[in-house]
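A, B, C, D, E and F label the chains in the order they appear, each numbered from 1.
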Amino acid sequence: MKIRVINPNTTATMTATIVTAAKAVASPGTEIIGITSSAGAVSIECHYDEAMSIVGLAEAIRDGERDHTDAYIIACFGDPGLLAARELTRAPVLGIAEAAMHAASFLATGFSVVTTLERTRIIAEHLLRNYGMEHHCRRVRAIDLPVLELENPKSNARQMILQECERALSEDKSAAIVLGCAGMADLVDWLSEKLQVPVIDGVTAGVKFAEALVGLKLGTSKRGDLAFPPHKPYKGMIADLAPNSILGK
Amino acid sequence: MKIRVINPNTTATMTATIVTAAKAVASPGTEIIGITSSAGAVSIECHYDEAMSIVGLAEAIRDGERDHTDAYIIACFGDPGLLAARELTRAPVLGIAEAAMHAASFLATGFSVVTTLERTRIIAEHLLRNYGMEHHCRRVRAIDLPVLELENPKSNARQMILQECERALSEDKSAAIVLGCAGMADLVDWLSEKLQVPVIDGVTAGVKFAEALVGLKLGTSKRGDLAFPPHKPYKGMIADLAPNSILGK
Amino acid sequence: MKIRVINPNTTATMTATIVTAAKAVASPGTEIIGITSSAGAVSIECHYDEAMSIVGLAEAIRDGERDHTDAYIIACFGDPGLLAARELTRAPVLGIAEAAMHAASFLATGFSVVTTLERTRIIAEHLLRNYGMEHHCRRVRAIDLPVLELENPKSNARQMILQECERALSEDKSAAIVLGCAGMADLVDWLSEKLQVPVIDGVTAGVKFAEALVGLKLGTSKRGDLAFPPHKPYKGMIADLAPNSILGK
Amino acid sequence: MKIRVINPNTTATMTATIVTAAKAVASPGTEIIGITSSAGAVSIECHYDEAMSIVGLAEAIRDGERDHTDAYIIACFGDPGLLAARELTRAPVLGIAEAAMHAASFLATGFSVVTTLERTRIIAEHLLRNYGMEHHCRRVRAIDLPVLELENPKSNARQMILQECERALSEDKSAAIVLGCAGMADLVDWLSEKLQVPVIDGVTAGVKFAEALVGLKLGTSKRGDLAFPPHKPYKGMIADLAPNSILGK
Amino acid sequence: MKIRVINPNTTATMTATIVTAAKAVASPGTEIIGITSSAGAVSIECHYDEAMSIVGLAEAIRDGERDHTDAYIIACFGDPGLLAARELTRAPVLGIAEAAMHAASFLATGFSVVTTLERTRIIAEHLLRNYGMEHHCRRVRAIDLPVLELENPKSNARQMILQECERALSEDKSAAIVLGCAGMADLVDWLSEKLQVPVIDGVTAGVKFAEALVGLKLGTSKRGDLAFPPHKPYKGMIADLAPNSILGK
Amino acid sequence: MKIRVINPNTTATMTATIVTAAKAVASPGTEIIGITSSAGAVSIECHYDEAMSIVGLAEAIRDGERDHTDAYIIACFGDPGLLAARELTRAPVLGIAEAAMHAASFLATGFSVVTTLERTRIIAEHLLRNYGMEHHCRRVRAIDLPVLELENPKSNARQMILQECERALSEDKSAAIVLGCAGMADLVDWLSEKLQVPVIDGVTAGVKFAEALVGLKLGTSKRGDLAFPPHKPYKGMIADLAPNSILGK
């Protein structure tokens, strides 16, 4: 099965981190195809970055549909464009926040999210409410470091994340940690070892849940609001991304 | 004061309907500037159309900032890109669903929303929850007609809307009606006359609430998650819409 | 247009503060009529003070109806008698807590309320829930000073309010402040300057939203539970305040 | 022990019905003192009637405090003035809607409320939310008959109530009925017999819960927002109802 | 009337504490029958202990039905097996957490729960949500001491509970305390005296509310999901606890 | 990997249906071990049946731990004993209602549950709330047929289920179906074909999600309330099921 893991930002090194993590958990027979967004921000750190990532995401799904993709992962913790992406395909589409939050709720009665920038905390809080996870999540915590600092070996990011996780366990009385950024996917083993509680990264959780859904022969419902978009012309710079262009009709 | 009323779809005739309604309620001294989106769908009828409208919306706000706009209205009932738009400006930005729902809650303890397509009902339901209006709204109703049929004089749209409103009053026991599409802005007087309850269109409500906020010298908070987006490069077809390009820095 | 701003307590100096603030934001053509309650408490600081204020409020609306009032503001942060008042008139009636909370939700994803007495905090919390604003408000804070101390130049009220606002920004991560007492209406400019975030006073927000609703030709729905009260005799000391007496029938 | 059952409307015949029901369930040693409101509406059928009932309620509690009352029941299904009344006394104060809803939640996982006027349905719905009972109540139903018709032997009230209860059982799948008006207190036995499910009247439930609280030596907390009201002058027609007058200080 | 107070753990000394408290508040004519569980854990301190207590509870209700019991109290703060027990009898069945939480909501607008082990806090939090009490409870606090230490005169349990209650009043701004363990039933008077706020123990609250319901001739609804269990065989070690064996059919 | 699929009722033919479904979706390398409960009801159709199933469930997990089980599925739609079971093992434990509801939320914005007996509807509704799925589920529907009728070839169960699913799509506007009983696991393909929307059975969803969690090296958190139960003696018929006996200590 082919799973397209779409990094909705345009930084290829972050895609590499994501793909490495995804491949490490993929089942034999699962092909992980990492996609770096072709259009948008080098990192997604605010509502605007997130909203604009739909352009690259649309292109990635258009290409994915032509390549007979079996499932998609949107590998940014804000799950940008999730419902829009679902309209474009019969395949299942999972956001990494969604996958991680749901996985955490299977393993603990209370978890904390540890994310990067303070200003993205509200995005996680909105997702928790939309997904019905607000009673399972005890707190969203931010280390207030820019996303790309996760890749800077001179930053203190790892230690800051570890300390914030430890505070989550002691202060929030949480029993599991959800990592709030795709760029943290390589920290799972180290943090799990240190913290001795489930540490959940959405990229890997997304890959395994996508495998599960494909294994169940389940895909996005094409009845109701997630049916394919109605045919219509688009204008301006995104004219080529009109639904029928995406869908190859 | 200059209020930019942005129609996030690319159909100029719908913008004309919207602008006519907006001008009819604007105070002396308020200049209404109607903007038809330069990029995106001819009508917004699904999650994908909505998500993609961010491109034209970003352009409209970029232009608006250069023109010293005092307030913005996003004139599509899904309030697409609302938080993203707020990041881009110190001016207040209002969505028409938001404005209409809040206005209705000032006038009745229970209202119904009457919208066009069945598949957009879920969008209104998500907004109600995000805005805290789910207990004030008794039901979202759809006439299941495409948006542009509102402009087709041969369609039966007006009668269908009236009948759905009447059902809302009798079946939902609602005491006010929120019109669920910017393209219905010209129906307010006729429906109010027929129904004898407050009928609220978000375009006009948005204009008046925007005037109110400007009159209070209040604008979007630039502290926290609605602060201007962090500076960073964008790539691909939307490279020119990177935050600093929008902000003219 | 005539807007009656009703101070539901009996302290005329507080009415003066309120009216000054209201007039400062009123549009040309708007007449602000300040009313000091004729019956009830010198300040409203508990459930009982609030409940009893209905008597003076009823008298104020009776007089207002005879004077062809276009809109009413209830200028006490507990919004006492709001639904009762709405039954008595076709005009819109706004509470100042309601107006301020809704305005804040247009400008920030999270706000804090700063009020006077600790014991009135619960009243604000109940309103937040009734208005659907509990997810937008991060915390209600009290400086625990009696209401009338706001008018005492020797009290330290201003500084205490400023400090509590600063704590709201840093501890609650709020991005806007709602002032929790009509008597704080004169502090908006000073606090806005100091805090550099939107500071919202319900008196002024109420006036501008009332102007907006009147400009939209919208009034309280007279269908359903806000219809005029059924005709019936009242007994005892409030016999003269039976619905038909109020309504001049 | 002395329990004061306060009918907040001014109709003595309704008080008689209430008192008869209350006495029928009172324990030996419990004295039921029925009070007809001295000021306000002959029946409470809207927000305004309800708000105004505070005047008579204050007088009733003033008299009750002088008479060393052990507990109070507010015998109108809207529970008007409940928190205000609690401030005035150390004794427990129960509203009949509150008592009935809580009792129902002890006996069934889902109940329906059957009330009189359609326009008071919203009042019951607000109470359900305030009391945390909205998930236990499946629906509030109204027979849309004025309150005083319950006392009119020529009205069809009894049959209408029975039929509405039957619909509640079959359509709402409810397993218990809460009667939504103090004036229905005499119908409990007849309806219970007919329906073969728990039928709960708030007057009797209130009396028994009040006995329970007194038996536990529990009263209204005098810490926090239910502490006695701060001393202050009142003006106008209700000057004599200032807190200290009520409290006999 | 006969009230069976079932201690779902197997420690008879704790039953003695519970029965003493129950008898102290019971009305003349009420017979308190204390039952120590015949099967299960010596103390209930986790989800597993709680779930397993159903076996002893079923036996206790079987015996109770043969003895014509008028009401049952489940005297463990997790209210284990509450809905299952209700299916087995026409009598009312009350959990002590349920009784205490509801009683507290009658006396204060905000209360705190003070319980024993940290790990049982989540159980109380789940109950609060199920009962609709999450807005009335400001916080659940744990002293993190094993349940049976309450009976150990050398433990510091009393002082730890007192201090946690004091923190609840000052930090949570609560106005009443709910004791979170049946084994604390003997502390009510001492804590009430010290704290000067209502201190509510569920055992005594349960007894008085049960008397109230019996006095109202109300019992568990036998319509819908609390009707007697369908007849069917049970296998294995609990074959003798099949519904019909319990019900004596 | 070994997955133990525990049928908490004692009917081996139902276990066979469950195991057939589980094996059909299991990955190569996954061993499905079907367990029929050794103690309890032949079918689980009420709160009591459900609560009592803990005995057989405890035995099944005891045996499973000795057999080095990698994950457990509780194959009854009420998810009985879920948190208790989680305490007993480091392996992940999934309930089939939980697995199915979460899977449905990945594929549609609104689903309906179709279950057997009307009286178990409330159990599904409680789970929806506990799992945060109440906004994703539009309605729980029951065909009101006993569970074991699903196995009776003469019953009309299949057609009744199909018709109820069709009503869910047309009346509830749902876009996916969750099957509300383990005994329906063999109907997925047939219903999917007929309905053309995702039809989700919890047994198979549970198996695939369990594989996913094991593949992620994630298990139940042993910190907080899901840590192993405290050691203590148990008495009576379940003395051998004390935590340490289960855990083999």
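Note that a contact is a pair of C-beta atoms (placed from the backbone, for glycine too) under 8 Å apart; a residue touches a chain by one contact, two chains touch by 3 or more.
Since the model is a prediction, treat every value here as computed from it, not as a measurement.
Annotation of chain B and chain E: jointly contacted by A, C, D, F, touch as defined at the top.
Counting the residue numbers used at the interface between chain E and chain F, over half appear in both copies, so the two copies meet with largely the same residues. The geometric centre of chain B is 28 Å away from that of chain C, both derived from CA atoms.
As a whole-number value, the distance joining the C-alpha centres of chain A and chain C reads 44 Å. Rounded to a whole number, the gap between the C-alpha centres of chain A and chain D is 52 angstrom.
Within chain C, contacts with two or more other chains are made by residues 83, 109-110, 118, 121-122, 129, 135, 173, 224-226.
With chains as nodes and touching pairs as edges, the resulting graph is of another kind, matching none of line, ring, star or complete.
Across the interface of their complex, chain F is touched by residues 10, 37-43, 45-52, 54-56, 58, 81, 83-84, 86-88, 118-123, 126, 129-130, 146, 224-227, 229-230, 232-239, 241-243 of chain E.
On the side of chain A, the complex with chain C involves touching residues 118, 121-122, 129. Interface of chain D with chain F (complex): residues 109-110, 135, 173.
Residues 25, 27, 83, 92, 94, 98, 102-103, 105-110, 131-136, 169, 173-176, 192, 196-198, 200, 204-205, 208-209, 211-213, 215-226 of chain E are the ones that touch chain D when the two sit in their complex.
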